[in-house]
Amino acid sequence: MSAAPGGHRLAEMTTVEAEHAVTASPLVLVPAGAFEQHGPGLPLATDLVRAESVVQRVADRLRGRAVIGPSLPVGVSPHHLAFAGTISLSTTVFRALVREYLDGLYRHGWRKVLVITGHGGNNAALTTIAQDLLADLPDLEFAWTPLTPLAGDIVAGMATSEVHGHSGEAETAQMLHLAPELVRDDRLAPGTTELSELDGLARLARRPGHPVTQVRYDRLSAGGVLGDPCTARPEDGAAIVAAIVDRVTDYAEEWLKV
Amino acid sequence: MSAAPGGHRLAEMTTVEAEHAVTASPLVLVPAGAFEQHGPGLPLATDLVRAESVVQRVADRLRGRAVIGPSLPVGVSPHHLAFAGTISLSTTVFRALVREYLDGLYRHGWRKVLVITGHGGNNAALTTIAQDLLADLPDLEFAWTPLTPLAGDIVAGMATSEVHGHSGEAETAQMLHLAPELVRDDRLAPGTTELSELDGLARLARRPGHPVTQVRYDRLSAGGVLGDPCTARPEDGAAIVAAIVDRVTDYAEEWLKV
Amino acid sequence: MSAAPGGHRLAEMTTVEAEHAVTASPLVLVPAGAFEQHGPGLPLATDLVRAESVVQRVADRLRGRAVIGPSLPVGVSPHHLAFAGTISLSTTVFRALVREYLDGLYRHGWRKVLVITGHGGNNAALTTIAQDLLADLPDLEFAWTPLTPLAGDIVAGMATSEVHGHSGEAETAQMLHLAPELVRDDRLAPGTTELSELDGLARLARRPGHPVTQVRYDRLSAGGVLGDPCTARPEDGAAIVAAIVDRVTDYAEEWLKV
Amino acid sequence: MSAAPGGHRLAEMTTVEAEHAVTASPLVLVPAGAFEQHGPGLPLATDLVRAESVVQRVADRLRGRAVIGPSLPVGVSPHHLAFAGTISLSTTVFRALVREYLDGLYRHGWRKVLVITGHGGNNAALTTIAQDLLADLPDLEFAWTPLTPLAGDIVAGMATSEVHGHSGEAETAQMLHLAPELVRDDRLAPGTTELSELDGLARLARRPGHPVTQVRYDRLSAGGVLGDPCTARPEDGAAIVAAIVDRVTDYAEEWLKV
Amino acid sequence: MSAAPGGHRLAEMTTVEAEHAVTASPLVLVPAGAFEQHGPGLPLATDLVRAESVVQRVADRLRGRAVIGPSLPVGVSPHHLAFAGTISLSTTVFRALVREYLDGLYRHGWRKVLVITGHGGNNAALTTIAQDLLADLPDLEFAWTPLTPLAGDIVAGMATSEVHGHSGEAETAQMLHLAPELVRDDRLAPGTTELSELDGLARLARRPGHPVTQVRYDRLSAGGVLGDPCTARPEDGAAIVAAIVDRVTDYAEEWLKV
Amino acid sequence: MSAAPGGHRLAEMTTVEAEHAVTASPLVLVPAGAFEQHGPGLPLATDLVRAESVVQRVADRLRGRAVIGPSLPVGVSPHHLAFAGTISLSTTVFRALVREYLDGLYRHGWRKVLVITGHGGNNAALTTIAQDLLADLPDLEFAWTPLTPLAGDIVAGMATSEVHGHSGEAETAQMLHLAPELVRDDRLAPGTTELSELDGLARLARRPGHPVTQVRYDRLSAGGVLGDPCTARPEDGAAIVAAIVDRVTDYAEEWLKV
């Protein structure tokens, strides 16, 4: 558990403070990450680092109306299992785990929970949790959000390769801004950057829109990287993070008024 | 089981024909629906009717290179449970069910399966299935697609109310084209058509982009309808269906070459 | 979903009609089939075709006091897995699926549900569902019935081979009556017709009474057929179906008075 | 664990003897009971007592070609839960339990297992186990049998009331023969003996043949008894048990030759 | 089920007596064993024999204030699976099974249950049951105890080898006292008696205190025995059993006053 | 994720470094905590803070022969659920979660994993995991250890109240040494310090040895504290931590030689 300057962490509160927080801080922010390969330059915890950083900034902006719940350091990453170090939860266990976090928060009286996930592989499981909650705990308001898609306009304005994404320009830029000490600059190297490098099924898997299929990352890129992280700049990362924090904070503000 | 003119239905084949189909028809199309309220004018099976209709058309277009697998007549519909007749599977059971369909098809030798779902509530569960397959059955190529989002451009060209969607203009149009005998024209009535009719949380739930939250349909609309189905026209439905069929067929054609 | 002439299908009703049906039609009939080999002459969906046909006829006879719920197109068929096209649910998933159908119907107010299964492989799982319901939902009245055993007297009066059953004289006769367009007459051929064709364990498995054991169908018959379907006559099928419909209707009538 | 005179009990063997038994005694007999009310005169363990007694006799008759496996003292008894002392397993747990017994026996090399159940409530769960084994462990030969139905002819020859069965004439007679010290003769009293005592649904539940429904025993009989146990005679019990033992032994003999 | 002289067995009671016992005998004692190798000299059921014997003695001492519930004849024994005859439940199934026993007892009104396990492999699973009960059934008082650890002082006073434990001096002594007819004296032989016989990992596994690791018994001892059972004396067994019975009875007495 | 000075964290490595670590660092240390009340003076994450601190020190001492795996920030804490902020996993979900961590590490080649848990409530679930692994992944060497019990001699030398334990002298001392900034000194207050303050059942639950029962902490102490944390001294905490680190390191050294 990091000793973060910002506070608002339930983990660092006593039960006395937690009891107060149930009413004073009706929103709980839960950071979700992954424990998966991010190429030769970024750490396995990249998604958690980004999620926790955003969560801390949002909590700071909300000035006590939100608390930070326990993190989810491991996510759903079967597509990265061919790369050393990746640990993946099945969607069944990930869902059961999140659900028990929610049950605990609910028991103490919280009714608004926002999971902020740095890892897109968690999105579908989070949606299925939301669906089951509609039947099981209908008065719990549950929301979730990914990170980078919130800053799509910023990313669109950056110079990126034809194929880009996982461990590419935008993600590396965020890490250069948020945790440069964890980036191995000397090892950053372009991954798959053009569709022509992909085989037929992999190309189908990268096609935007529907139908959708998925392939494992070792089929997409020998090094596990999509795009060229060498071109990433920390100032782009700062802009992405700022946009994400703004938008999540706006959403939370509106939600807290409901 | 309907006695469809088109053929290609595994259900109607004998085991002798099925054995032949494993190699001759390497793609299996699985129609997925829902058993849920569609307002006072459309039947509970609306999503299955649309999915089966599209599947039949796609199979016809593929001329023997695809077979139609068993349908999924009930889907994930917890948001509609307040309305009589809705039957919903938990995401856990829906996933287990689809997975056993896939295991059966895999056992006989099929390696390409496309689930075509008329119901968006199935999307997330289908994605979690795809994720778990990457770890468990990596040589099974699995894809899925919704229907109406494939024809977003057509729908954008139609006259729709500010709020529209479930049982609204586009869905009703499809049914007027595909199964007019199942539409109760006399009962069609506008549902929620403007954001101003929604309370705060419901408005958040309808906001495009992220974060996402979900609310039950009885909170969105007293009658379970979003948009004004009275304005739906069968010719728009025909255009939507044609676009969907074209795009799924194109995808399948490309996939079959892989 | 077939566009059946008879009506009474919940799937084809709107939620408004479904709400009315909860009180007007207190009995729900659920057709259960299988997706399994039926030899070279009958389709994989044979059991569902027969179940849906009987259900429709019973519903017609009950004139509005029963509705037809969603079908179960795939059943418990592990004994047929060696034959191409067979898809089987584990007994665990089949039970969970039926249970969620029942939970949905119960939630809306129905208290009488009758599952009519064209496939004997579903019988035991249906019984375990009934047992668990006694503890979990004691005020739900749940019943189930197979088809052909209801017409045992009719079958006994037919000319059958020493060994007969699956895809044999009685089942083929029903299909010749109900869905002749799905029968490949040209491929009908005798399967195992005499006990002397069976090995020791298979013979034990066919012994009536107890103890009971089960063997896979590829051990019972190279073609997956027990009996001689070539001798099947549609008029026998008509008699069998008529007897089944009579007896199920009588049962339902009596039940509706309780 | 009873110190039975007959031997053949795996429980009483050492691992050295068990290793020998895998080849010398290729059949394993597993007694299954219930822990459920049997009226004011018979003990909760009635079904286990009868099953273990039969198993011992069959093992004695098979002279070393079968061993007796661990008992299942609790079964599936939701219909008796209203009566004090009844403990019931859900069908899910009962099946998982039996399956792990089978997995253990299989691991050591046994390929023939016969479950002998004194309780009919276990029948369906045993069948579902058999079905799942066809897919999962196809070379395990698994059979099961109830007790009293094996002696239907003997029971038919006894004087019984119109309604009879659980804790009635035949079951009490068996206990008077097998374990008279556990029968409270002074408390034996007629239970429900005529159909006219039953309400409509209970009558449906007692109707032979299909459809089948189930009701809880407190609806069938205030005292939990069907029939008149006062008329039970130990000599009838002896005849029933002898017939059961004969028939199971015959079956086992034939099976051992396969 | 053994016909024990002591009485107090719920299994041997009728439902009428069980109903009385709920208030007269508020404590239920559940004997838990294992079905596992105990070397060449002791039977597979050794742990159940000891547990049932202790339970009977404790029940006798409590004179009607406790009843004996159904036994658990098979436990958690994965470490013994390499030895013929061992049947092991996964911790998941063992827990589900015990939990359904407890649910049944709870339903009838019992609020104090003590599981007495002759097998240490069940300890952890019993603890997890206790933990989950604190959340799920907080007014059920649940306790469990092993056997031999209760008599640690007696065992410490016996002559034992450096390595001793499973099927060794203390366990064999108990069996010589409780069930000498089940001990094969002629086959008793020393197992592993010195740490120097163990490889490095096995030695770590035998180290007292923490950290703890586990190895399979075939790695600890070729014959499955730790210690020298040849030196076991029935009088030591009697002392061990007496100490256990005293201590469990004292605990129960105190508990019954709460 | 804290930016720890010590290194050795898998989370901070790239996949390239992780691949190297599989052989260079064959031992994985997994910190396990709890998210539970620790009285008015200690934070909810107390157990994780202590576990991560010890893990870091042990990893430092092992100089590259061990890596630190992903943390388990939430544990099994049903006994603390009455206190605000406590989040507890059921033993089923905790086990499934740890198991998937282990499966991931195993897949990449690690064969030695040590879970170091700051929370005793995780002990039993960790043991059941170890048991199931003996059957499922027998070549994975898995060990676990609690913290404070490793320093029993140090704690015995401290001045403690008659009742002490959770959030008491020893635990507070560790936190004063490891993370004084997270301790609210001004709120530290004695909890339950004498057995006479406990009711009968709670006293039974605190009795050392067997049988064991558990009660919820709100029954043990109104403030959730056992002992008097006001007397805790950081130098005692330093001694406890040093002893723990020494002993775990010694164990690991020996294990790495196996």
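In this document, chain identifiers A, B, C, D, E and F correspond to the written order of the chains, with residue numbering beginning at 1 in each.
Here, a residue touches a chain if its C-beta (ideal position, glycine included) is under 8 Å from a C-beta of that chain, and two chains touch if they have at least 3 such contacts.
Please read all numbers here as calculations on a predicted model, not as lab measurements.
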item: Same-residue or different-residue interface between subunit C and subunit D, half as cut-off; value: same
item: Remotest chain, subunit B as reference, centres from CA atoms; value: E
item: Longest centre-to-centre distance from subunit A, chain (CA-based); value: D
item: Length of the line joining the C-alpha centres of subunit E and subunit F, rounded to whole Å; value: 29
item: Residues within subunit E bordering two or more other chains; value: 81, 88, 90
item: Topology of the chain contact graph, where touching chains are joined (line, ring, star, complete, other); value: ring
item: Ring order of chains, beginning at subunit A and proceeding to subunit B; value: A, B, C, D, E, F
item: Touching residues (chain side subunit B, partner subunit A) in the complex; value: 76, 78-79, 81, 88, 90-92, 95, 114, 121, 123-125, 127-128, 130-132, 134-135, 138, 141-146, 149-150, 199-201, 204, 209-216, 247-248, 251, 254-255, 257-258
item: Partner subunit E, residues of subunit D touching it in the complex; value: 1-3, 10-19, 21-22, 35, 37-45, 48-49, 52, 69-71, 73-74, 81, 83-90, 92-93, 96-97, 100-101, 104-105, 107-108, 179, 181-182, 184, 187, 224
